[in-house]
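Labels run A, B, C and D following the written order; every chain starts at residue 1.
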Amino acid sequence: MKYRREASLIVLVGALSFLATLFDASFVPANAIDILINSIPTMIISCGVMLVIITGEIDISVGSLLGLLAATLALLSSTAEPGLGIHPYLAIAIVLTVGTLIGLGTGCLVVYGRVPSIIATLGLLIALDGAQDWLMGGGDIKHFPQELRYLGTGTTIPINLILTILVVAGTGLLCHKTALGRRIYAVGSNPSAARLAGISVTTTKLFVFALTGMLTAIAAILWVAKLGNVSTSTGAGLELKVVTCVVVGGVSIRGGRGRILGVVLAVILITMIRTVLNFMDLGSEAVKWQRAIEGVMILVAVTSDHFTQRNQPGGKS
Amino acid sequence: MSRTSKPLITIENISKSYGGVQALSKVCLNILPGEVHGLCGENGAGKSTLIKCLAGVVSPETGTITVDGKPLSHGDIHATEAAGIAVIHQESTAFLDLDLVENLFVGREIKKYGWLNRRAMERQALAVMHRLDVTLDLHTPLREFSIAQRQMVEMARACLRDCRLLIMDEPTASLSARETKTLLGLVKQLRESGVSVLYVSHRLEEIAELCDRVTVFRDGRLVATTPIDQLDRNQLIGQMVGREINALTRREEHAGQTDEVRASITGLYSRGSFSDISFEVRAGEILGIGGLVGAGRSEVARAIFGADRYDQGEIKIDGASLKKGSIQAAIEAGIAMVPEDRQHQGLILPMSVSENLSLTILTEITRHRLIHHGHETAQVQHLMRRLAVKAANAKMEAASLSGGNQQKVVLGKWLAIKPKFLILDEPTRGVDVAAKAEIHRLIRELTEAGMATLIMTSDLPELLTLSDRIQVMCEGRIAGQLDGATATEEQVMRLAFPRSEAQLT
Amino acid sequence: MKKFAYEFFLLGLICVVLAIAAFLDPLFLSSDVQIELSSEIWELGLLTLGMTLIIITAGIDLSVGSAMGLCSVSLGLCMHANLPTGVCVLACLATGLAAGALNGSLVAFIKVHPLLVTLATYGMYRGFAEGLQSATTNAPVDASEGIKALVTGNFPLIQILFTALTAWTAILLGRTATGRGLYAIGHNEEAARFSGIPIAKLKFWIYTYTGLLAGLAAISYSARRSATAEAGLVLELDVIAAVVIGGTSIYGGRGRIAGTLLGVLLIHETRQFVDWYWQRSELTLIVIGTLLILAVLGHRFLFAQDPDTH
Amino acid sequence: MNKWFSSIGLFVACLLVIGCGGRESDRGDGTPENSNDDKITIALLPKLKGIAYFTSCAEGAQQAADELDNVELIYNGPTTASADKQAQMIDKWRLQGVDVIAVAANDPAVLSESLKKAQDAGITVITWDADAQAEDRSFFVNQATAEAIGSGMVDTMANDLGGPDAAGDVAIISATATAANQNEWMKHMKTRLASYPNLNLVATKFPGEDQNAAFQDSQDLIKKYPNLKGIFGISSVSFPGAAEAVKQAGKTGEILVTGLSTPNDMQPYVKGGEVKTVVLWNTQDLGYLTVYAAAAIRSGELKQGATEFTAGRLGKKLISGDQIMLGDILLFTKENIDQFDF
């Protein structure tokens, strides 16, 4: 069963939708688009982190990076104090560049510095969070130019959703239709063999880290465009959500395996849990347990595979 | 076969050292077009390093390599490929998560307008599989293939390119006799079509059958390059080790064998792996299990040792039945196992020789719940002497030992528990001739002292010389039993092949 | 001595930090200040003991901070219900034990990757802590009665306990069969299994032990502050950072308690001094993050004996 | 054995370093605390750094410090609303020997111990913005009690929705479920809501510090409760989140959002109409008053039992018991919001 994981995720998404429909008959039509839109930052970054995990590395700095980039964008483009009010397109270009460069820097630490990626990105997670707070200084930044907000709130055409679909489709094509994608899988599957096959492991890893940086920048831009507000807490905790989505989506934490479809479904699933719980009449007491319920559901999602596969013989690791 | 005097590849004065150890020193060698050139030598003699230099994986410190008179730039995989050199490396270069087509084309995908051209790749894959006469599903991840099938994929990968020199580093190490035969046939076919082959193997039979010339390495130096027809087996071994080795002789009588049943296995069954496995091993007896790779031998060994679970059946050691799926219980009952994969299952490479050797006897060397270093050292020294492990000292990392010495350490760590029943799964794979002989001697000695031994091996001469009795497995079942003293290779092979195929051959 | 080169390197780094401190503000180094500030080190120290064992087996536990929060809340609930102090403490430790055992059994018996297990329980334990607290007392519980004695006095119980546990863990790791087994698992789990080392048992045990330590840390924290779901928030990052700075390889197989202690000390002194002198919370984060990366880089380039592992 | 000697050696060396450092500074010590008797060092601790509310408080505080030339102001706080981090900072300031610590308490219980110790060390402890336990501080600079804030928000909402007979569903979006201040406010909000029988509290949400979650919760509430008329966004994350959700749902004017915020911060939404009224006080004045009070208490000008106190440009301020009153709650609307700049 090649698409076993995807199938079970679809079943789960269906089950949750059905559950919510019991409480509100029009749940699906009323919320489908909004759930997708709300999942955008997670979705876009998950595409990058998925590739990183497929190469056998991990990036847990994306939450802080998103925060830092959002703060940078805000400072550059906001029309009120303390923003510089430079043209939004220029600001976007700068943020994309900065994001890519930081991603590349992370890659260099991992590839040339040979710092284990989980440690390098843990250090960055802490340090970039501090840098974000440092940049933000005074308080929330609002007052963004209309060109920028339009990316997130253009009512008739959800530009951000279209962009996200492009990113997801691009990642899918990259994975399955290009030589580079093949090499990403090969590097994660067997690094030494990849080297012998003439693949540059170094370049491949640098590429996925830089790409993740750039995707994080795109997510940061869309985040600002959507919410119109940047604070010191922007992006906090996003990295864990992203990693959760990627692994629930069936990407092997050991590298080499995983498909974009599973990740997309997992992002939708994890984003919709909140909305479904909001639509169920949990009552004022139960709502306090919302985070615990989410936690249990994620634990179940992460471990369920192992429970079902346990009895199969000869499971080689 | 046309022999032009002009060599395809000329290697001159290649030297390479790793951290002070001279792996290759001033090696000169040439390979003629259309010849199969054998490369022999004990482990650590420098064969693999030479291959890596040729393949562009490592760059030699001095010397030149020329292909058709044109110098090859060092350490450049792509230049090597462009020059028409293909390598099948010793360590597995399979990408287990990728499917067959993806594996074949990794690193040199066929593209059309920048996108992968899947159809063209599938077409070429089918063509090459046809040429190799193997049928494998193109879209199954390699994880689901057997070791031998993976080896075939590697062959196919090398054949895919129009290479002029194919380097094969112990390609048959994990292949069964039948698969080896297919492979040798294929090499001959390549030779016919004018491809040169550099063939590395420990199996002298293959060298003799296949090669035109043989080059022997010892301690990083080239000893001699000799046409095969001017060399006999013992001379070859002599060149390799620098001294004479007593060739293996078949066990003449069942010395020390008793009627006391050590291990009895009845009706062992594991879904999808093996069924109906029943046999007994007596104290002082060596039971050999032959069969093709993938016949289920390793799986049986693992099940007995408790490494895998099984669905039905019973294992008794000295009459007491053994708990299922627990290695600790097996060890307590006196079972020891030298596993198939030395690097991953047998040894902990980054740990010292001493720590590896004492891993199985931790409770024994513990006093007041603390490890007693005096006891540990004493035990380790004793084992190292007994097995003649060649290591500078016991604190050396196991990774720094040669393959043969590593295998001795694995054996040693099990001898430490004084096992009643020893299971050996491919005990001499990738082990040089001298170490192999020592390991064989040791197995016999121990068995004669009253141990029961079960040996699984793809190496037919080893199976025939060591075993008192031979059972042959085929497709997860025991196909038949032979007497060790009289069995022949043909008898074993006949039992090893599935019925339908046996008729064909 | 060569074996402990990295530990001396850490010691040197600590000296550098302290020298800078002495130069900028000698008051920071006075024994009064150091003793006072050290009250924050015990929880970090306790958790790193368990984390070192876990990381040596190539595992990880992201949930320690959350487990600590859950333990603190359960302590608070018991105190709120006016149960005897002994019962409260036991309940707190039992919660930690249970949280650790859940992690341990999923990792050891169900064989889920520890990163995934603890990533999930990280959110789950904190969620339960917040849920429990807001559904019952809806505020932190003052735990000063009864357990305060644990953290006060000339030789507070928590310090004695920490010292004892450190010694015990160090001996366990360096001198016993169990310790050998843990290193073996970290280097090569398959080979360790084939050598008859009870992998599942050991793994289960270390995660459970870490849970128990989280319970202890929760008691220490609650006695100092109050019993609250906030206990141990983002502490896991410091714990992992301290262990890794201490020279334990995230890939498993390498690490010592001595290094971990120095790692704890280095992180502690750095953090406290940056906080103390510059008074910018965000700067502290930048410094700690950078320190982590630099320490690992330093280890790689100055002490790497095994440049090609992974 | 070698290992053991080395480990012990390490520790001895370590202790020596710390010990030497200790001795050294003991010798040269005794100065920092009381050296500058004429200078009063005031440490101002907000609930958290980096939000507009506390930044504007800090600006006011700095004005006061500049006016009073004998005051040195330290402003630092945790980056999330963590009482634990606050306690750590209080401990450090005590050791550094500041003169006054002014705290906006995230949690009275958690801070209690640290504040007591600070007082024992002879440091003047006052609270501002959010009170600690009464025995842990001398004065509380009271801009509004939790009760006043809670009922203020409810009254504002009811007023905007049509006075005492206001009818419809309302919802609260808080921070985390354990956020002490928000829980305290909610308690009073619920009490106050009882006096508006037609206002029906349908849901309370806890999105934490996650902007996206706050937005998502508001969006879901708007859809789930068609009769929703008002949302209380009672944290610095949930207030703009809710306003933005109302705006994007096209419900501007139909659903009102209210909460606590500085006028500058929520100005776009007040102008836009999603927020009719923002409840707050003059935050700059709060910081200003706190510093003035701190200096006066430290220098002995202001003692327990006083009923009045002059604070620079603010003039006379009333004192009731141990609480220094800032004055009334301000309501910012479209009409007056441009007059304020903080």
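Remarks
The rule we apply is simple: contacts are C-beta pairs under 8 Å (C-beta built on N, C-alpha and C of every residue); 3 or more make two chains touch, one makes a residue touch a chain.
None of these values were measured; they are calculated from a predicted model.
Considering the contact criterion stated above, the chains in touch with subunit B and with subunit D alike are A, C. In this assembly, B is the chain whose CA centroid lies farthest from the centroid of subunit C. Counted by C-beta pairs in contact, the busier of A-B and B-C is A-B.
With centres defined as mean CA coordinates, subunit C is found 45 Å away from subunit B.
With centres set at the average Cα position, the gap from subunit A to subunit C is 29 Å.
The distance from the centre of subunit A to the centre of subunit D, with each centre set as the mean of the Cα atoms, comes to 33 Å.
Shown for subunit C are the residues in touch with two or more other chains, namely 130-131, 134, 190, 280-282, 285. Residue positions of subunit D touching 2 or more other chains, listed in rising order: 49, 79-80, 177.
Pairs of chains that satisfy the touch definition comprise A-B, A-C, A-D, B-C, C-D.
Per the touch definition, subunit D reaches subunit A in the complex via residues 49-56, 79-80, 177, 203-206, 208-213, 215-217, 219-221, 223-224, 236-237, 240-241, 244, 248, 250, 262, 264-265, 268. The part of subunit C that touches subunit D in the complex is made up of residues 1, 3-4, 7-8, 11, 14-15, 18, 21-22, 26-34, 36-37, 39-40, 130-131, 133-134, 138-142, 144, 170, 174, 221, 224-226, 228-231, 233, 258, 262, 265, 272, 275-276, 279-282, 285.
Contacts from subunit A toward subunit C in the complex involve residues 109, 113-116, 118-120, 122-134, 240, 243-244, 247, 253-254, 285, 288-296, 298-299, 301-303, 306-307, 310, 317.
On subunit B, the positions that touch subunit A within their shared complex are 55, 57, 77-78, 81, 87, 89, 91-98, 102, 105-109, 111, 114-116, 143, 270-273, 299, 308-309. In the complex of the two chains, the subunit C residues touching subunit A come out as 60, 106, 110-113, 115-117, 119-128, 130-131, 134-135, 189-190, 237, 240-241, 244, 249-251, 280-293, 296-297, 300, 304, 307, 310.
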